[in-house]
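Presented sequentially are two complexes of chain A, the first with chain B as partner and the second with chain C.
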Partner chain A sequence: MNIPGKGIVTGMAQTAKNFIGSYVSKERMTTVQYPEERVPAQEAARNFPFLVFDEDPEAGLRCVACKICEKECPPQCIYIVMKRDENAKPSKQPETFDIDVSVCMSCQICVEVCPFEAIKMDTEFEYGEFDRFGGLLLGKDRLAKSNQYYHKIHPTEAAEVDARLDEERQAKAAAEKAKAAKLAALAQKSKDADKIVANGKAEKK
Partner chain B sequence: MERLDQIFVTLKAWAVGQVPEPFQVIASIVLSIAPIMLVFPGIFALTTVAERKLLGRIQNRLGPNRVGPFGFLQWAADGLKTITKEDIVPRNADKVVHFLAPVVLLVSALLAYSVIPFGRNMYAIEIDAGILFFFAVGAGTELAVFMAGWSSRNKYALLGAMRAIAQMISYEMPLLLAALAVVMATGSLNPNEIVAAQEGGRGWGEIVPNWFVFTPWGFAGCILFLIAAAAESNRSPFDLPEAESEIIAGYFVEYSGMKFATFFLAEYLGLFVISSLCVVLFLGGWHAPFPFFWCAWVPSWAWFIGKLACIVLLYIWMRGTLPRLRIDQLMNFAWKFMLPMALINLVVVAVWTYTRPWNYFGAELVRWLLCVGLLLAPYLLLGRNLLRNRKWGPRTYRYAS
Partner chain C sequence: MTQRLDVEAILGKTPAPEGSGEPGYTVLAKGDHRHEIDGDLLEVAMGPHHPSTHGVFRMDVALDGEDVVKLKPVFGYLHRNHEKIAEGVSYLASMPYTDRLDYFCSMTNNWAYALAVEKLAGLDVPERAEYIRVITAELTRLLNHTCLIGFLVQDMGALGTPLMYAFREREKILDLFEALSGSRMMCNYMRFGGCRVDLPAGWLTAAKDVVDRFGGFLDEYEALLSGNEILMARTQGIGVLSAELAVDAAITGPMLRASGVNYDLRKVDKYGIYDRFDFRVPLGDHGDVFDRYMVRVLEMRESLKILKQALKEIPDGPITSPKAKIRNFKAPKGEAYGRIEGPKGELGFYLISDGKPQPYRYRVRPPSLINLTILEDMCLGHSIADTVIILGSVDIVLGEVDR
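== the complex of A and B ==
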């Protein structure tokens, strides 16, 4: 039966239940007290990029300063200078790698274009600084984070990346081995030829 | 106990006695007004926090809990914020009216307090037509709201003011008629006499207080009054004039800083005073609910504040539950339900008063059944008429195409 006012009473009872329930059960609460409590970050969470290093935070950086990400970055917040030795010979290392996170729009294009799996997305989001220009310009030292950290925040993705890198490394090693074997065979061949020549010379004498 | 009950009255008499003779009248007036102007804004400050906390709990959140113990100093932070904010007046606004609107609203809200008895012998002025004075002064809020909406020179403000006027005038009628029921029953417009008429109790051991809410017409009148009062003070679900999701903030969209805070304060003061009137009319004013000895220990003003707090909490609960009405629903509800119900309620009061001398066995039961039936039948009929399923077709635009 359609009793007028029934809906209002039902609604009021529902909110009263919510009110009392919020004191009784903690599961009802939809919010957490942020600075003290935190919701663990989702595995797919991402906001700003960081640089992955393997062992040493300086020399172990996977980045080779190829500047592809710098060129692809839509808001152009990446700035890279390649390291050069005293003879101005370029080495495969970044001298400077800056990301202005106040400009970064978290598009992940840098991650997608990187052929060396060197730049990945972080889950860190608390970049509050008193200096809004210098403080939010992250240098190489603040961007470099270990592969273990990468495994911690994005376990599935990191495992895939590691597998891919291993495969590449193995393929490279195999290729090198094959090349070495070829070289060795060539060397053997030339040695044999030398021998023949030498033998021939000796016979002439 | 007697002393605690009358502590404010004696304190005032003592303080008035301290000043020289020619200034005693002024001192008495000031000492009647000052407590009202201090206590109720204080209650307002606490209510803002309590409201936010309660609404939070209703939505399974915690509400403000950072400033002070359990967040109960939030009002101080908010107050400081509004005071230090810039006061912006639109270039095309009517500056004088724009300035006066919050003042008029606050003054009309405060004036209404003067006739409310907050405790035994605790009232600012005694007027024989106190209820009439209350509603006459309360009409000033409509003026203030329209002043605010018109002088802002903003379409949203004007829309809000139009809605406010339509709503307030529509609900003024059921509000007055609901109050009129009490006036009919007591034969007096004096709030003190209305409170005095609700003294004592009936039933076994006088356990049921003689409050008007415990009579059929009083119960209906109380609910009608509470609903109309919510609409009068623009409380949710009747907050169309300031509907922030439709017309931003309605008539005070162009107000900022302290003027906005004044509007906010006046709105809550209006809510408190109309709830106070509901306590006076239907909930027995400052009378204790039970004749038990401990009830007499609690001072009368504490009972009054307690009842007031209950009504304010009810309003907060309603705000946390009910969604905002559409304007046609609002008008239908006022004219097709509230007004006929209030008029029928007057008939029920007449029946109730007429049947009072009945003195045969079971007369009380017959009386109750008669009055409840007289109210329930139109309630069901009118309510179902409102809820009748209408056909919802695609919207047709008559002028814009």
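== the complex of A and C ==
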């Protein structure tokens, strides 16, 4: 038997339960008073890219200005100019590295395509500016952040990246060593050959 | 004195046959609503800033008194050139744009696009990635349906309360998404041949916790709404969509199933690994707004069933196919259509490749847009207040309608 108004009363009971519950249970009172209170950022959180540097914020930038991220960036918000010395010889450093964060959509495609682990995602999101265009165009100086900072915001990921870079460095060192050994062997060989030739010449005489 | 209007010219509908006993002209929707027009029509532009239109969407309605005799949906305010942009950028660079189609369900959008590219390039997806995709897609379905119901009852005048409860639960799922992909709504998580990152430590436990609690929330939500007399009075028999019309108009998703047509791509196509899970497809009888509400509630319960199975069975292993690559991805020449059962209906991506790094043609089949095409047929004969509810029950997101 349906009592008229039963559904409404049941619904009201639910509302009352939630209303009273919001005073006693964290489960039912889920909001916080931003900006006084903040929900801590999750480790994977991402918001706008930054450039990682190792020691020196200028020379230590991992970025080699290869422009892959500039090409791949979906909204095309990255602008890179490679540094050139007085003989116009390109050096593996960015002269300009700008990201227009008013265009950036935090998709982290740049992070994924970067072969040098140079660009990573930040968790900073409070970029409010009065200057609409210039203020949100972040240059190299504002984008550069240390590896320690990266470790602070994404510890697991940063540790993995460091391990990978170490491995690469070791592999590179090993390869260089092997190359040097090979060169030395070659040099030895050519020396031997020279000797043989010289001997031959001497015999002819 | 009222003036007779040339109804035939305005509506393109036939007058009632003579001797049928009906006075004046009769407008027949494809269902069985009929309405007699006698007098001037009042034209109202609802939107694009009307709070009931779920975004920037306009309905040009012609009213006779309170009743709708003509309705013309006007959209395109949020057009962002998505398809054309996608033809100029690499395959990967379109992935974040798909998040912004239906911004409630970025995970399913990602999946549909990844599926199309995987078909095109012939990539296989590892087992674990398939499970992750199912889990995220079903979580997306949960959050989409709870929010939709919140918005729907908000349109009926239940201001705030049910919507805020829905948002409270949605927040838990969004937290899971953030822990997984780094972003709450614009996840950009799926990749061609797998997923971007593996599940972080403790994610599965957290997801299990959310899924276990969600059933209790649904009970609460239903106690709040399902038996409510006002909700029943406002929704039952309103906006009836017949099964024939639904099929003719290519309606998909919960809209179609509420009209009693058993068509769910998870069962029909068995894309991904959906053939492994035990779940049922809820169907409606009447095709009215209440059935659409109820089908969505029941679908959430089925989603919970799938989630429980998937979270239990998820294997270890790699998450990306070894053949997949991030840089210099090129698809071979050909075409492919990838479709999935999104929360709103069949979401499809049609791609033609000419072997270059960019697709030659990129086309989205948005369920919201196609479900919207029969809005007039559902609204004719109902009052203007019902129009709002009928639109709410279609479940549109303007990001997807306008692209």
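Please note the rule applied: the second predicted complex is superposed on the first by the 160 of 205 C-alpha atoms of A that agree within 3 Å, B and C clash if a C-alpha of one lies under 4 Å from a C-alpha of the other, contacts with A are read in each partner's own complex, and residues count from 1 in each chain.
Everything below uses one rule, namely that a residue touches a chain if its C-beta (ideal position, glycine included) is under 8 Å from a C-beta of that chain, and two chains touch if they have at least 3 such contacts.
Treat the numbers as computed from the prediction; the structure is a model and nothing was measured.
Of the two partner chains, chain B is the only one that A:I3 touches; chain C does not reach it. In the superposition on chain A, no contact is made by A:N199 with either chain B or chain C.
Touch criterion met: A:T30 reaches chain B and chain C at once. More residues of chain A lie in touch with C than with the remaining chain of the pair chain B and chain C.
In the superposed model, A:A44 makes contact with chain C only, not with chain B. Touch criterion met: A:G21 reaches chain B, while chain C stays clear of it.
In the superposition on chain A, contact of A:I68 is made with chain C only, not with chain B. Looking at chain A, you'll find residues 4-5, 8, 11, 14-15, 18, 28, 30 touch chain B in one structure and chain C in the other. On the chain C side of its complex with chain A, the touching residues are 89-90, 92-97, 99, 161, 165, 168, 171, 175, 178-183, 186, 188, 196-197, 200, 220, 223-232, 326-327. Touching chain C in their complex are the following residues of chain A: 4-8, 10-11, 13-15, 17-18, 28, 30, 42-46, 68, 72-74, 105-109, 112-113, 115, 121, 156. Across the complex, chain B meets chain A through its residues 54, 57-62, 65, 317-318, 320-322, 379-380, 382-384, 386-387.
Touching chain B in their complex are the following residues of chain A: 2-5, 8, 11-12, 14-16, 18-19, 21-23, 28-31, 33.
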